[in-house]
Amino acid sequence: MELLRQLCQIHAPSGNEVLMKEFLLSYVQEHQDTWKTKPQIIHGEGFQDCLLLVFGKPRTVIFAHMDSIGFMVRYGRQLIRIGGPELMTGYELVGEDSQGKISCTLVVDEEERDLHYDFEREIDRGTELVFKPDFRETDETVQCCYLDNRLGVWNVLQVAETLEDGIIAFGCWEETGGGSVGYLAKYMHETYGVTQALISDITWVTEGVHAGQGVVISLRDSLIPRRSFVQKIIRLAQEAGIPHQVEVESAGGSDGKELHYGNIPWDWCFVGAPEDNVHSPEEIVHKSDIYAMVELYNLLMVEL
Amino acid sequence: MELLRQLCQIHAPSGNEVLMKEFLLSYVQEHQDTWKTKPQIIHGEGFQDCLLLVFGKPRTVIFAHMDSIGFMVRYGRQLIRIGGPELMTGYELVGEDSQGKISCTLVVDEEERDLHYDFEREIDRGTELVFKPDFRETDETVQCCYLDNRLGVWNVLQVAETLEDGIIAFGCWEETGGGSVGYLAKYMHETYGVTQALISDITWVTEGVHAGQGVVISLRDSLIPRRSFVQKIIRLAQEAGIPHQVEVESAGGSDGKELHYGNIPWDWCFVGAPEDNVHSPEEIVHKSDIYAMVELYNLLMVEL
Amino acid sequence: MELLRQLCQIHAPSGNEVLMKEFLLSYVQEHQDTWKTKPQIIHGEGFQDCLLLVFGKPRTVIFAHMDSIGFMVRYGRQLIRIGGPELMTGYELVGEDSQGKISCTLVVDEEERDLHYDFEREIDRGTELVFKPDFRETDETVQCCYLDNRLGVWNVLQVAETLEDGIIAFGCWEETGGGSVGYLAKYMHETYGVTQALISDITWVTEGVHAGQGVVISLRDSLIPRRSFVQKIIRLAQEAGIPHQVEVESAGGSDGKELHYGNIPWDWCFVGAPEDNVHSPEEIVHKSDIYAMVELYNLLMVEL
């Protein structure tokens, strides 16, 4: 899990994913010779800070968002949120401004209305701060901030090793909505005719979804994808005997939302491991669910 | 109204409209020879569970959504909503899971926070349940669950009989948002150059919109369509002496919302009969408003 | 500021921008011969009530919305809002219906739930009412309703005088969302390949943004544009010594939202003067901020 540990260290809050993109680009260039199929690498002009890997003749796209939640310095010592981070006084935050590296702590007032930082000096307006990563691994679990979605990114890098036909799309802005899935989807649909999408992301442990009981296939969250497509995925997981759990929620969303609201007839489904302590520095995931996630993706990219 | 009664029986909650699409496809294939113009029937790959009927040289599209609200089994005996159904303990719900047909009742806790079903056994996670249809007809009214939007569908099937130029678009997911209007709009705009749209759907009886006083032309709901287009429709209704009412609301939405937020310069307008007991098993509509709705659509498809 | 005064008089609530478009069209036709570059004027079929001015070989688009907030007559003497106007009993409203010109006052009940008008007769259902303009100018400030966004429109008309390469896009529906930015963006991107956008609009004086301290460059509002693009704009303003302030907010939105959620890889940034008494008849802006706004736009259209 050394690769996952490295991924969790990278500063890439929504809107500023450039360092993550550069890391992934280097990783792919370094490792692609050992992969079963060498992908076409698409990035640069017209793709902002996104990255696409196109393998063979794609039928299905996997979306894995690169960005993380965090905080931004407002005025004075105020902070505002990037996405929806968990709030607790004392959380350690890191970043950098014109005066150098920053390691400070979060201060939350009682009603969670005002957020501040505690630091020896004032930080430049607009500076991004993210949770300080503390990667912990046991035989059974991994734990760190930003497993959502560095684990979704890690998953597709495993899948890439044997993938023959398919696209891996590394996108931006998932935690704040919009921004890149729209144009990535348009490009891939127009260039390759693909209309099947899997969302490689991390979901929540709930009263019906339990850590260690398999990868989650989501029948719905705030949106309902086309039922026949999700049922097909559930059937494939069942037939292959891959540990899985069906999620049925009325809230939450993912990159699938952007696909759903767009103007392309996507069949899409969220498939990912569940985590506890969501959007906090203590995000924790069972390894067996991670392995089931990779296994199911490997299967789906062949069978769909 | 036998056709309307049949339409109200069909299981088609948002995301699973396939049975409604198949019914409509059969109906069209059976009846099109008696229609003034035989439409081109478009469906299948690239259209998910949607269905388009293209008549002559279209200038205007009518959107009629096929899906209904309902419920989905979450974990244990919990239910979550599909769209925004009215909630009352005792409502009869029907569906089917791996163990067979289901007829159960809805249980709503006092604060409407938790929904459960009352049934002799546990129902499979993810099973869809819909209101049990009880179609009632008098000289003046029709009453059943899902008049929204089986009546909008029924309306366009009447209009189809004499339609010479136009498109009828049967879409999905209206009750939950997004999903199909985007790509249907894109296809129709690119293929036929159309930019005029009417939303064949059912609206609400309010303090300014009354049952039996005519078809509703909506000047606005949560969104405001281009005023000059709606004014033209109101003028045409006035000149033809078709009973109509102008709706001015600050809330609510329809398939028009998807058109409004998309990237095509649609002139769109909601035109439909008003109902009482919205989104309940007791939806009721005056027949005179239904006839005015058909009459106005027949006129608009010629005059716009 | 006579042109600004005229712009503030024009009736153009969201969805009914036709009078503003006609005014601008006349203005451009009258003045373009004195401009450094004569633009291509695009409007009419496929553009609803929008207007594009294309100068030379464009690299960047400026969006300036033409519509304003206001009110619409619901049923009886009720009013509903168009967009988010400030509410206070006694505000003077003007409009016109089938019986003639209207000058009435707003009545707000205590909980701001019900809005009515006070007038000698009943006004036609669906009639639009807007704040009565009272344009006031001092050496330091301008004040009137609808500086948001008549000042954004005024700004681009100044920029037009010396603009060599770029597009000015006058759009609709900004105050209510969607409607025109989507198709304007698509047309301009497909025709000219542009992916850089500036939002010429008015923002808010807050605890970190002060009247008279320069044009505002927004690092974020409810959405976060691509950081590298905004940082480039800030750097250009710094190097040129143009008075500017960096805004960091967690709420609010602009036409940038439509670009962000669309399917084109826009780099976008909100750049505009700040105002106090937002969305009221008393909107007030410092002239020095207005001049800094024009100066920065002139620079950015050359340098970006």
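Odds and ends about this structure:
Lettered A, B and C in written order, each chain numbered from 1.
Here is the rule we use: a contact is a pair of C-beta atoms (placed from the backbone, for glycine too) under 8 Å apart; a residue touches a chain by one contact, two chains touch by 3 or more.
In this text the structure is predicted, and so the values were computed from the model without any measurement.
When subunit A is fitted to subunit C on its Cα atoms, the angle of the rotation, on a 0 to 180 scale and to the nearest 5, is 120 degrees.
Where the sister copies subunit A and subunit B meet, the same residue numbers recur on both sides for under half of the interface positions. A straight line joining the Cα centres of subunit A and subunit B is 36 Å long. Multi-chain contact residues of subunit A, defined as those touching 2 or more other chains: 261-263. Contact residues of subunit C toward subunit A in the complex are 195, 206-208, 219-220, 223-228, 246, 248-250, 260-265, 267.
Within the complex formed with subunit A, the residues of subunit B that make contact are 14-16, 18, 46-49, 72-76, 80-82, 125-126, 128, 172-173, 176-180, 182-183, 185-186, 258, 261-263.
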